[in-house]
Structures are given as structure tokens and as C-alpha cells.
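Two complexes follow with chain A in common, the first pairing it with chain B and the second with chain C.
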Partner chain A sequence: MQAFFDYFDVILFVTLFVLGYFAGRWNERRHYASIRKRERELSGVLLFSNRFPPYVTGRVETRLVAGSAVISGDYFKNVLAGLYSFFGGRVRSYESLIDRARREAVLRMKAEARKFGSGMIINAKFQTFAVGGRNENSVRGVEILAYGTALGPAPRA
Partner chain B sequence: MLLSNLEMVPGRRVLKHLGLVQGSTVRAKHVGKDLFAGLKNIVGGELKAYTELLQESREEATQRMVKQAEAAGANAILNIRYATSSITSGAAEIFAYGTAVVLE
Partner chain C sequence: MAEYSNPQLPDEVNNSDARPLRSFFAMAAAVVVLGAGAALAFAFLGGALARHLPYAAEVSLIGPYAKQYPPREGPVEIYLQDLVDRLAARMSLPEGMQIQVHYVDEEVVNAFATLGGHVAMYRGLLEKLPDENALAMVLAHEVGHARHRHPIASLGRGIAFAAVLSLVSAGAGSGAAESILGQSGMLTLLTFSRAQEEEADVAGLAALAAVYGHAGGATETFRVMSAAAAEKGVREPPKFLSTHPVTKARIERIERMIAQNGWQSDGDRTPIPRAVRDALKSATKTR
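The block that comes next holds the complex of A and B.
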């Protein structure tokens, strides 16, 4: 029993590390499955970074649409990222995190455009924000905001 | 009020430029949400409370920008941009800006 208290820090760290690895992996898989499914459903909404619409004749309804998501890393990823920041190199564990946040944000933006009956979003802009900043003790997550202008149906000639 | 991040509106001419309008808000998270988010930080996943918080702030910043444009007599805001910056580790500023115009 004494040994348990002596090594409590180590035991806690290992528990969180292992829990973070398995729970994080499970969460990520489930999220990716959901992302892929919705991406197929919303593939009809086209996304462009063009500043101007492809058809400029006649009036077209427009609407500002946006989507955002804050995704948190898990304990395992955070420890790994800490190691990477020491050794340098590609932080793969965070790349997937940002990829998930960006795709989720795009999906939410597309869903909003579809609600408006639009099949096209132009002038797409992205913005990344680190929630919690660089403070080690605060909750950390990455927010991606995606916004653009949804165009209504093309006017019939 | 028409909002767009385009520099023009398809099929409509800009009659008058009224200049830059802006809106901003500084929001802090609250402890209860932070506690739950701290748990999420172990297992990973979306921090829904944070997503909502930032979204609400963005809507408020947009509303303030719209009010300014209304006061100037505009009927549209074009070329809208958003910016986010962390003031301290607990608070973030959301800033929205654009050009107020009168469309035909």
C-alpha cells in the first residue's frame, strides 16, 4: 500500500497515458467515420476559394455561411506533442487533430449552405485559433473557423 | 442587411461606400465548462462548450458590426473578415469587420 502512495504520480501518469491512448484512438476513429459519412452526404455542395462567382449574369441570392469546431487532443497526444516540441519534427498526432477540426468546420458550413438551398460556396476562408494558448495548465484545443458566401441557385437564362 | 465576404454582390451595383464597420467582443469561459473540458482533454474529442462559446461570441461581434452599419445607413456589408485572438489564457477576443455599402 505504501508503494502505491510513493509512486502515485507515476501510476497516475501511466493510467492517463494509457487511457488517453485508447480513448483518444476510439474517439478519433468514431469521429473520422462520422466525417466521411457526412462528407459523402454533402458532396453536392461545392466549395471554392474563388473571389468571384463563376456565373455573374443576373441576380443571385447570397448568404454568409460559417462553421466552426473546437477539437481537443487527448492525454497521449499532448504528451507526444510535448516530446516533439523538444526533438522537433513532424507532429503527426496533432496533424490529425487539425485535420478533423477543419473537415468538421467545413461540414458545418456546408450544412448551413444546404439549409439555404445552395449548392456552392465561394470565397472560402479559414482561420485557426489555439484555445487556451500556450499555457500548460489550461485546457487545450484547436478551433478552426471556416466561412464563405453561399450562392443561391443559378438564374435560368 | 445583406452580409457577404465577397467584394461585390452578383447582379447588384454598389451605389455608395460608407467605409469600414466593425464589431468586437471579449469572452471568458466559465469554470464549470472548463472542468468538463479538462476531462475531455484526457480522452480527446470535441469541446462542444467551447465551440458554442466562440460561435456565440462571433454572432455578437457580427451583431455589433451590423448595428454600426445600420447607423451609417447601409443596406449591406461586404468583404467581411473575422479575427480571433487570445487576450489571456482564459479569454478571447472575436473581431468582425467589413465595408458598409449601399446597394441598388
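The block that comes next holds the complex of A and C.
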């Protein structure tokens, strides 16, 4: 029992580390499965970064659409990122967070566009924010905001 | 709209972390190797630098603890102190170093040297020693530790190691620091390296031969210690694990040294005075 308290910080670390690894992995796998499924479903909503619509569209209604997603790291990823930042090189453990956040944000934006009956988003842009991380105990994550102009169906005359 | 499409991007194009565990273990292993190297370097430096601490600083460091164990005036204490003074006179101690013996009335078969020139002798060992020559070897060995400033070197090594350890784990680090700096730990738990033990043997043996004119009794102590350990059922650890040179090798080394220096290997033994023996016996009876 004494040993438990003496090495409490070590035990805590190992617990969070193992938990972070398995929970984080399970979560990520599930999220990616959902992302892939919805990307197929929403592939009909086209996404462009051009400021102006293709000339074929004619006169349509426009609307601002946005989607944002916040994805947090887990303890395992944070530890791994700490090691990466010590040795230098790509912080590989955070790459999936950015990837997931970006794709999720786009999906939410596309879902909003589809609700409005749109099949195309133009002038799409991204904003990225780091969430937390200023002190050691804060949640570390990333927010990506995607926004653009959805072109609606041609107005009924 | 048919001429426009958004291709499905290849999956995980931006996510390269396919084997996170493998990367983790590779990097963690590198950190452990670096950390262990740093810890060893720190411990070595701590030990090497602590030796150069002024002796006065060492004395003031131990001051508060030493106050709890003032010199006592029993027959055993006076006898031990007198014997140590005679040995120390032949050991060219650093300036200002004074050796103070403390007699500990306990069964433990041991003796140790600690900071500030304090040497402790346990009744358990004292009773087992056959004569004054053997006792003188024990005391001279401990004075040898003090003379070469092993206690402060050991403390410095321990503290430096604990400091590095506390970077890894606050609990383990402060635990280690506590056991080194804690009151009892500071006095009794200082450990010496095998090289330090050998250094103390050399210094002790020379003093023994100088005082008595022969090196008789030099090897007895180690036989006594080893017999006491065997009694407790402790087997000697393999040589590379042990800090105290394994008894047999140690005795051989001492005999070699006696031959090299041309000392007489034995001669007239001085008994431990009857008054001291009686004082030991009465102490045993009263408990």
C-alpha cells in the first residue's frame, strides 16, 4: 500500500498512458469509419476554393455555410508528441488530429449546404485554432473551422 | 455540372502515424539511455566534486545531528577513542579533521564511518573481535574512509543521483533524497564503492602496522564479518554486485600488501583490556 502512494505519479502515468492508447485508438478508428461513410454520402456536394462559381451555374441563391470540429488528443498522443518535439521531426501523433478535424469540419459544412439544397460550395476556407495546451493540465486539441459560400438551387421565378 | 467533381482523396494521406507504439518505444528507449547516462554522469560528478568541499563545511553540515550524540565518558568509549587517536596519529589526516568514536550498544555486527569524522562501533562486532589488533584494523579502516573523505563523496553522489531521479518521478526522487538526507539515513546508510573500500583498507592496514609493528589481526575482522553474515543466512553476493570486496579476495589482497611492504604478518597481540570486556558483559546482562 505504501508503495502505491510512493509511486503514485508513476502509476498514474502508466494508467493514463495505457488508457490513452487504447481509448484513443478505438475512438480514432470509429471516427475514421464514420468520416469515410459520410464522405461517400456527401460526395454530391462539390467543394471549390475559387472565389467565383463556374459560369455554367447561372443565377443562384448563395448562403454562407460553416462547419467546425474540435478534436482532442489523448494522453498517449501527448506523451508521444512530447518525445517527437524532443527529438525533432514530424509530430506524427498530432497529424491524425488535424486530419480528422479538417475532414469533420468539411463534412459538417457540406451537411449544412445539403440541408439548404445546395450541391456546391465555393470560396471554401479554413481556420485552425489550437485549443488549450498553455498549462500542463489543460486539454490539448485542435479546432478547425471550415466556411464557404453554398450555391443554392436556382431561385424559382 | 458533369465536368466538375471532387475526387475521393486517398485515405490517411496526411496521417502517417501508422505504428505509434513502435515510435514510442524507440524514442522512450533513447530517452532512457540518455537519462541513465546523465544520471551516472551526475552521480560521478557529485561524488568527485563533493570531495573538494571544505572540511569545515562538512562538519557544519553534520553539526545538528552530531549534537544528538555527544561524546560519552564510559570505559568502552574512552578506550575506543584512545585507540582511534593512536591510529589516526599515523594516518596523516587532513588538517582540522578530528575523529570521534561513538560506541553503539546494539547487537549489530557492524561499524561505520560517516560525515564529520564520526565513526560508530557496535557492541555486536566489538564482542566478536578476538583482540585489540583486530579491533584496531576495523577502526583504522573506518578512519581510512574519513581520511579519504568517502562519506561526503558518497553523500554528493547520492544527492546528485536523487536529483536526476526526481526529474523522472517526483515520488521516487524525493524518496531517494529522503533516504540519503533523512536523519538516520545520513548517518548510517552512506554506501561506499568497492574502490573506496579498498582505499580504506590500504590506509587502515598501514596505520595498523605502524602502531603495532606488525599487521596481525588485519584479516580477522573480515572473517568475523563474513561468519556473522553466514549466521544470518546471507550468502555473499557475486563480486561485481558487491560494494565490499568479497572476503576471500579481500584477505588475499591484504596479505599481498603485507608482503609487498615487508611488514611482519603477525606478532604479539594486545588483548582488549579486561575492564572493557567486563563493561561489555555487564551491558549485555542488564538487558
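Miscellaneous remarks
Here is the rule we use: the second predicted complex is superposed on the first by the 148 of 157 C-alpha atoms of A that agree within 3 Å, B and C clash if a C-alpha of one lies under 4 Å from a C-alpha of the other, contacts with A are read in each partner's own complex, and residues count from 1 in each chain.
Criterion: contacts are C-beta pairs under 8 Å (C-beta built on N, C-alpha and C of every residue); 3 or more make two chains touch, one makes a residue touch a chain.
Treat the numbers as computed from the prediction; the structure is a model and nothing was measured.
In the superposition on chain A, contact of A:D6 is made with chain C only, not with chain B. Once the two complexes are overlaid on the shared chain, A:R59 sits against chain B while remaining clear of chain C.
With both complexes superposed, B is the one of chain B and chain C in contact with more chain A residues.
Contacts of A:L47 after superposition on the shared chain: chain C is touched, whereas chain B is not. Judged by the touch definition given at the top, the superposed model places A:L80 against chain C, while chain B stays out of reach.
Across the superposed pair, chain B and chain C both touch chain A at residues 56-57, 77. Listing the residues of chain A that touch chain C in their complex gives 5-10, 21, 32, 36, 39-40, 43, 46-48, 54, 56-57, 76-77, 79-80, 83-84, 86-87, 90, 92-93, 95-96, 98-99, 119-120. Of all the residues in chain A, the ones that touch chain B in their complex are 16, 19-20, 23-24, 27-28, 31, 51-53, 55-60, 62-64, 66, 68-75, 77-78, 104, 122-123, 125, 127, 129-133, 135, 138-141, 143, 145, 147-149, 151, 155. Residues 2-12, 34, 37-38, 40-48, 50-51, 54-55, 58, 80-86, 88-90, 92 of chain B are the ones that touch chain A when the two sit in their complex. Chain C makes touch with chain A in their complex at residues 1, 4-6, 8, 11-12, 14-17, 20-21, 23-24, 27-28, 30-31, 169-172, 175.
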